[in-house]
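What follows is a pair of complexes built around chain A, which joins chain B in one and chain C in the other.
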Partner chain A sequence: MTFWKAAAVIMRKDLTVEGRSGEVLWITIPFGLIALFLIPLALPLDNPLLQRIAGPMYWVILLLFGMTIALRQSATGTTPQREALRMLGVDAAARFTGRVLATTLLSLAFALVLAPATVVLFDANLPSGWPLLIPIVMAVTLGLGIVGTVAAELTRGLRTRTALAPLLVAPLAAPLLVAAAQATESLSRGDSILLPALIIAFTVLGLAVIGVLTAGPLEETQ
Partner chain B sequence: MGAGKHETYTLTVSIPLLLTLVDAGVRLGSTTVLRNLSLELAQGEVLGIEGPNGAGKSTLLRVCATLLPLDIGSGTVFDADLGSPGAQSVRPEIGLLAHQPALYDELTLRENLSFYARLLGCRQGRVDELLEGVGLSAAADRRADQTSQGMLRRVDLARLLLMEPRLLLLDEPHAGLDSAAEKLIAAVVADVIAREGAAIIVAHDTSRLADVTTRRLRLERGGLT
Partner chain C sequence: MKTRYVLSLLALAALGYGFYLSGQHPPDAVQGEYVRIINVHVPASWVAFAAFGGTLLGSLGWLATRRRRFDAFAAASAEVGVFFTALSLLSGMIWGQVTWGIAWDWGDARMASTALMFFIYLGYMGLRRGMPDETERAKRSAVIGVLGFLTVPLSYFSVNLFRSLHQTQSVRPDGWQIESGEIVTSMLINVAAYTLVYLVFVTWRTSQGMVPDHPELGSDLAGDAVVAPSLGGRDE
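After this line comes the complex of A and B, so read on.
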């Protein structure tokens, strides 16, 4: 079985499991929307600050809830499930990639729901070059998927997992958050987004290399 | 050869060893779980290992499956050194039935088997054959979390058959199974032996395994007695 075929099988399984458990659809997405809704409530409705913070708030909510998607219980699997996969002889990096792709697609779905909600709740004006934000959103969700999957592996089986995993994800995902917020700001000013886009691209690339290279050793560590 | 003379011929038959352990030991944290364990498993053998809870039976199986490294001593499985990372390459030859089924609650029994079949590159028709073989054709589209423990155990056995292993490691295989399903275990073991393999079955009481095993050992406090 080829690397990508194995990754596709894992991704499909993860998405089917998620589709039936509804962890992201019924828990993460509604909670993310509630969090987004609470921020404008704390400010006067006619406050111009609302429009200014719309972009950064979108990215903060995406980061925080994207982290929960990546760290969801069903993505990690039970010990017998993990051992059964190890026994099949399928490349650990392919399994890691499959999990990351599933998480990325789920985070992307969350990002798509979040975007119109942000525009409506914060009365935000879309910058003229907003389609350029689409690849940025895709890259950020991919980065979050990688960081979250690595963190889930590192904290697997630990009693402090719930607290520790977000602590690992947050600093690693910080460059993505900062660069994405900068890209949005630059677009609204009509400036180039090349620099933040490059920061995001190289961060995601670096994370992907680390993730794939450490997939095997991390899996063998009990 | 003259008439009335008898000549003696010695026929040496060498049966390959699939697994060896020499003074092997495993530590988990500060606890020594297995100690001074020496064992040989030849092709065609079905070894029963009995012992009380906490004796180290499951740990022993995980060592044999290359999932857990040896801390002390040495060993081989299919000639691969258990102490080296290269031992992982023989994993597809080993079928491990853990205490808990390796199935996904949200998937149906057929989907669970199909998932493993796809990863193994098996044809989907084999999934239906195996489901029929374990007597679960009618329940194939039932979700795993809506299925009894015994049925899940049967599907897990079918998963092992998908892999066509040559070394079968069964951890308390009779747990949750009725007497009809016990025959299934014997059939699975026979299937592996027919493919020139061997099996290790661990249980807290191997009296139920008397018909299946060719040799029995007892594991107590991490050592064979």
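After this line comes the complex of A and C, so read on.
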């Protein structure tokens, strides 16, 4: 089985498990929407303020809940499953890639649901060049998928997993958040988004290279 | 062991001399006496970056060779790095409060990225504490040691890449960013002293980290004399 074919099979398996458990669709997405709903409730009744923070809030919620998607229970493989995949000769990097792709697709679905909700709840005005944000969203969700998958693997089996995994993911994903928020702000002002786009691209590339290279050692058992 | 003591004495002497020089240079025309904070802030920041570089090298070394010493070195370097990052953040905040009028400015990319760097290595230490198995701990923390280093260039170059209140690097290829020669000398002596302190801390902590968590037990154990009861001639 080729690398990409193996990755596609793993991705399909993860999506099927998610389809059956409905963890992202029925729990994470509604929870994210509630979070988006709670923020205006905690702020003074000030529409211009809400419009101004709409973009940054969108990215913060996407980061926090994208992390939850990456660390979802349904993506945690059991030891027998991992052993079976190893015995079948599935490359560790292909397994990692498949898991990242599944998480990215689920985060992307979340991002798509979140976007119109943000526009409506925050009465936000879309910047004129908003289609340029689509590749930014895709790259950010890919980056989140990579960091989340690595963190899930690193904290597998730990009692402190629930607290430790977000502690590892949040700082590593922060450059994506900063650059994405900067890109949104630049678009609103009519400025170029080249620099934030490059920062996102390099961060995602760096994470992907390290993620793929360290997938093998992380798979090893003693 | 003797080298370690010599290194410790040398570091102590350098630190003392650096401290003495910090009080000798004249106050700055704008910053006044607070300019002396540079003698702590810049060396602490330099050591923090170098320490996380050490963690990267140790982590890569462990991944390549699986030798315990690399893991112990990476962990020791991360611990020292976290300490110096905290010192850098704290000294920067004190300086910011008296110079900019604000201890923490969210518009400053250097502050935010340094805090992120601090948190990722706190996570590194948290991960190590949660893993009882030595090999598994070394493996997982090596991955974080490599991944976490991404935040180091981000923090270093943040003053060039993003809008920032923080001035650009004090030492750059195109020259010094500090006008007074005395301040530069004092700062450089402190950089050397802090580097020696880093080496001392890392050497001690690495040797401590080399001690196995669960040492192999010898054959003479309490209770060895107790044997299973004999079943009256029925040898099994």
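One rule holds in what follows: the second predicted complex is superposed on the first by the 216 of 222 C-alpha atoms of A that agree within 3 Å, B and C clash if a C-alpha of one lies under 4 Å from a C-alpha of the other, contacts with A are read in each partner's own complex, and residues count from 1 in each chain.
Keep this in mind: a contact is a pair of C-beta atoms (placed from the backbone, for glycine too) under 8 Å apart; a residue touches a chain by one contact, two chains touch by 3 or more.
Computed from a prediction, not measured in an experiment: that's the story for all the values here.
Asker: Which partner does A:154 contact after superposing on A: first (chain B), second (chain C), both, neither?
Answerer: Only chain C; A:154 stays clear of chain B.
Asker: Looking at the overlay, does A:210 come into contact with chain B only (first), chain C only (second), both, or neither?
Answerer: Touch status of A:210: second partner only.
Asker: Is A:218 touching the first partner chain B, the second partner chain C, both, or neither of them?
Answerer: second
Asker: Kindly classify A:172 by the partners it touches after superposition: chain B alone (first), chain C alone (second), both, or neither?
Answerer: Only chain C is touched by A:172; chain B is not.
Asker: Should A:195 be classified as contacting the first partner (chain B), the second (chain C), both, or neither?
Answerer: So A:195 only meets chain C here.
Asker: Applying the touch criterion given at the start, work out whether A:1 contacts chain B, chain C, both or neither, answering first, second, both or neither.
Answerer: first
Asker: So in the superposed three-chain picture, is A:13 touching just chain B, just chain C, both, or none of them (first/second/both/neither)?
Answerer: first
Asker: Shared contact residues on chain A for chain B and chain C?
Answerer: In chain A, positions 220, 222 sit in both the chain B and chain C interfaces.
Asker: Quick one: in the complex, what on chain A touches chain C?
Answerer: These residues of chain A touch chain C: 147, 150, 154-155, 158-160, 164, 167-168, 170-172, 174-175, 178, 182, 195, 199, 203, 206-207, 210, 214, 217-218, 220, 222.
Asker: Which of the residues in chain A come into contact with chain B in the complex?
Answerer: Against chain B, the touching part of chain A is residues 1, 6, 9-10, 13, 16-17, 20-21, 74, 77-81, 83-90, 220, 222.
Asker: Can you list the residues on chain C that touch chain A in the complex?
Answerer: Contacts found on chain C: 63, 109, 112-113, 116-117, 119-120, 122-123, 126-127, 130-131, 133, 135-136, 139-140, 142-144, 146-148, 150-151, 154, 161-162.
Asker: Using the touch rule from the top, collect the residues of chain B that touch chain A in their complex.
Answerer: Where chain B meets chain A, its residues are 62, 65, 67-68, 85, 88-89, 91-92, 94-96, 98-104, 106-107, 111, 115-116, 118-121, 143, 159, 163.
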